[in-house]
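First chain A sits with chain B, and in the next complex the same chain sits with chain C.
Showing the complex of A and B:
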C-alpha cells in the first residue's frame, strides 16, 4: 500500500509543476463557461423548462471546473506502450493495475482541484443569473462531496480499462476518439444531461459516464433530492466496483500475453 | 500566381504521403466524423428541447452551425501549417530552414502541412448547411450563393488570422500559448449560434475583435432572409471583408515578429 501512496505523491508533485499551463487552461475554461451560460440563458428566455435555469448554470460551472477529471490524463503511458518502455514498468514489484490507478488518480485529483478552486471562485463572483448558485442545502453539499469522490474513483477505473485496450491495439487513436466522444457526450460536458430528451434520462443516467460528474452535480443543484442520495451512491458504488473488477481482470489477461515493442 | 502553384503542388505531395497509410487514415477520419457528428447532435438536441432561439428556428440554427463548421475545418485542412504545426516548428528549430529559401516564410509554413482527416468534419458541416437551408426554406439565388461563398472564403482568412495570433506569441515565447484557444476554438463554439443571443460584451468581442459575426453571421442571416439587426442587403457583401482585414493586420504583425525571431538553436 505504501508503494502506491508514494506513486500517488510523486505524480501529485509533478502535476503541481506546470502552474503556467494551469492558469492558461483555467482562463480558457472560464471563457467557455461564460459562453455556455449565456447560450442557455438565451434558450431559457424563449422557452423555460422544468429544470430551473439556476440548476443549468450550476451544472455548466461545475462541469467546467472539474473538466480535468474527464480528460484522458496519461499520455506518457500511451507512449510507453507504443515504444515498448512499458517493459520497465513490468519489472516493478508492484501490481500494475494499482500502480497506474494511483498515477491516474493523482493526476486527476490534483489537476482538477488546482483548476476548480479559481474557477469556482470566479463563478461565484459573477453577477446574479450568471453566477454559480449555492448548493441547495448543507447536507446536499456534503453528499455532493462524497459523490464527487466516488465519481473520481469511478473515472480512474474507467480510464484504466481504456489503457488496457490500448495495450492490445497499439494504434488506438480511432478507438480512443470514440471513447472520448462517449465520455464527453454522456458525462454531460457537451450538453448538460438534464437537457437531453426526457425519454432518454432513464438510460443515460444509468450509464457509467453519468456517475462521474452528472450524479454529483445533480445532487448539488437539487435535481436529485436528498432522499434519493442512497440510491445514487449505490449505483455509483456498483459501477466503480464493476469497472475496477473488469479492469483488474483485463490487465491480468494482458500481462499474460503482452508483446513488448522494440528495444 | 507562382506561389499558388507551389502551394497546390505541396498540398498534392503532402496528401499523397498522408494516404500512404490508408488504414490509419480511414480510422482517424472516421474518428473526426464521430466527433463532429457529436457536436451536431448537441445542436439537434438543443433544438429538440427548446424549438427555437429568439427569432431563429431549427433550420436557421443548423445553417449557422454548418457555415461555421465548413469554414473552420476548411481552414484546418489547408492552413494546417499555421493552425497546428507552427509551435512545433519553432520549438524544434525547423523554422530556420525556411529562412534560407527564396520564398516568404508564411507561404512555406502553409505549404508544409495539410490535415485531410478533417474532410469528414466538412461533410457533417455541409450536411448541416443542406438540411438547414431546406428546413428554413431558403430560395437560392445568384447573390445568395455568392454571399455564402464569400462568407466561407473570407471566414477562412479570419480563422487563419486568429490562429496567427498564437503563432506570433510563439515566435516570442517559444512555448505555445493555449490561452489564444479561447478566441479560436472559443469563437467557433460561441459563433456556431447566431451572435445576437449573447450579452453585450461577448457580442462586442465577436463583432469587433474576432469578427466572426461580421464574416459569417451577417451573410448567413441575409441568406436566411432574416437580416441581422435589420441591416440592408449590401452589408452581407461588405461586412465579411472584416475577415480579410484581420488577416491583413495579422500578416503585418507576423512579418514584424519574424524579424525578432531567434532560433531555439536545436
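Showing the complex of A and C:
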C-alpha cells in the first residue's frame, strides 16, 4: 500500500483507540451546544436579528459537531519534533510534507466523524426550535458535503504550517495559543460569523479560517444561496492551494537548515 | 572506489547561550562538531566508531544518512551524496538511534512494521520472508501483537532493530544500540548483528560507549575526538599501545612486611590485601613474584588484565579529550 495511505490508516487506528476521549468530547460539546442554543433563543426573544434563529441554531450545532476538525493537534508529532525523534522520519524515502499531511488528516477526519455522528443524532432529536434544522435543500446538502471536504483539506494545510513553525521554534505553545485564538474567533466557533456586522463579514469571510466550517455551514443553512456555491468553492480551493503551497515551501526550507539536537 | 568515502567532512553548529545579566545580546558560540573528517569503509565491513560524548559520532551518522548537510567536505555512499539525494539514499540504508524510537507507542509493533513495509515499498512476499527471519532471530514472535508501550527496554530495542532491517538495507547505522540493555539482551543483540553481517553482507557502522560491543563485533575501530579522527585500525593495535601495565592482587596469611619493590611498582594496601601495579617491560613478572613470595606465606594471588574501559579512559586522557 502507499505509504501516505498507510500512515493515514495507522493514525485512524490510534484515534479509534481513544474511545474515552470521544465520549468525553461528545458530552462536552453537547453541553456547549445546549447552552449556546438557549442563549441565542433568549437573545432573539428580546431582540430578533436579521439572521433567522433556525440558521443560528443550525450553525451552533454544526460548529459543535465538527469542533475536533478545528482544534485537535497531533501531540505525538509535536513531541517528536521537539525531542528530535523526527530524525527517523527524515531518513525515510518520503516526502515529509505529504507524510505529515496524511497523518494530520486522519486525526482530524476520524476525530470529527466519531464525534459528529452521535452529536448530530442527538441534535436532531431535540424539541423544535432547539433541534438541528434539516438542510435547505438536497442539492444544498450535497454541496455542503463537498464544501466540508474542502474545509478539511484547508485546515490540514493550516495545521501543517503550525508543524513547520514548531520545527523552528521547537516549542509549539506560543504559536499555537495565538493561532487557536484566531481560529476560534474567525472560524465562527465563539460567535457565528453570520452575527458579525455586515462590513466586518466582508473581510472575515475572505480569511482562511472562514473556509473551514463557516462556508460549508452557510451552504447548509441557506445563508449562501446555491448560485453562490461556485464562488464559495473557488475561494476555498484557492486558500487550500495557497496554504498547502506555503507549507511545502516551509518544510523544504526547514529541511535545508535543519539540525537535529542531541543523541 | 570504497562503499563509503568521506573527504574533509566539516560541520559547525551555532549554540546560543542564555543572555547574561546586564548584557544586551545573546552570546553565540560555534561548536565544530566535525573537523575535516576523512575515512573510507569497504562493503561488508563492521566498523566500530568510538569517542567521548560530543566527539561528533552522531553528527557523522546524521550526515551520512542525509539528515544533516555539512558546511564543507564531501561524502559518497555507494556513489550517492546523502544530503543531495536524501530520498533515494534513504531507501538503501537502515538507522537505529538507540535513544529514540521509530515504532508507534500505542499500537502493536506488527502495525508499525506494516507501515515501514509501505514506506519502503517492500513487496509482500519479500516482507513476509524478511519478517519471519527477523522475528525468529530476534525472538520477537511473542510480542508482535503487543503495543510498544508494554515492552521492556530490551524487547523494544530488538523490535527497533527489526524495524530498521525490514527493507534489507545494504548499510546499517547503529547509534548506541545497546544503551541500557541487560547482559542477556546485549549478548543476543551482538550475536544477531554478527550473523546479519556475515549472512547478508550488511555493512555496519556502530557507534557505542560499550567497549564490549566493539570487542565482540568489530575488527576495525575508528576513534573520534573533537571532530577529528585520532585512530583507525584494529582494536588490538589500539589496545596494545595503551596496555602497558599489569596488576596483581596478593593476600598473605597473617601480618607480613612487604619488602621494598623495584622502581616502577605501585602498591595499594587494603587490610591484608595488597594491590601491586607494574609495567612488565620494566619489572619482569618472575622477579616481582619471587619478591612477593619471599615476603611470607601467600594465601591467594590473582593477576588481571586491564579492563578495556580503563584503557580507553587512559587513551582519551592521553589524547586530551
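Descriptive notes on the structure:
As a convention for this text, the second predicted complex is superposed on the first by the 260 of 263 C-alpha atoms of A that agree within 3 Å, B and C clash if a C-alpha of one lies under 4 Å from a C-alpha of the other, contacts with A are read in each partner's own complex, and residues count from 1 in each chain.
We take it that contacts are C-beta pairs under 8 Å (C-beta built on N, C-alpha and C of every residue); 3 or more make two chains touch, one makes a residue touch a chain.
For clarity, every value in this text was computed on a predicted model and none was experimentally measured.
In the superposed pair of complexes, A:137 makes contact with neither chain B nor chain C. In the superposition on chain A, A:177 makes contact with chain B only, not with chain C. Shared-chain residue A:191: touches chain B; no touch with chain C.
In the superposition on chain A, A:35 contacts chain B only, with no contact to chain C. Legend: residue contacts after superposition of the two complexes on their common chain; A:24 is shown touching chain B, with no touch to chain C. Of all residues in chain B, those touching chain A in their complex are 24, 27-28, 30-32, 34-35, 38-39, 41-42, 45-46, 48-54, 175, 177-179, 181-182, 186, 189-190, 193, 197-199, 202. Against chain A, the residues of chain C that register as touching in their complex are 13, 58, 62, 65-69, 86-88, 90-91, 93, 95, 97, 99-102, 104-107, 111-112, 114-115, 118-121, 175. Per the touch definition, chain A reaches chain B in the complex via residues 20-21, 24-25, 27-28, 31-32, 34-35, 38-39, 42-43, 45-47, 49, 171, 173-174, 176-178, 180-181, 184-185, 190-191, 195-197.
Those residues of chain A that touch chain C in the complex are listed here as 1-3, 5-7, 10, 13-14, 17, 76, 83-85, 87-88, 90-95, 255-256, 258-260, 262-263.
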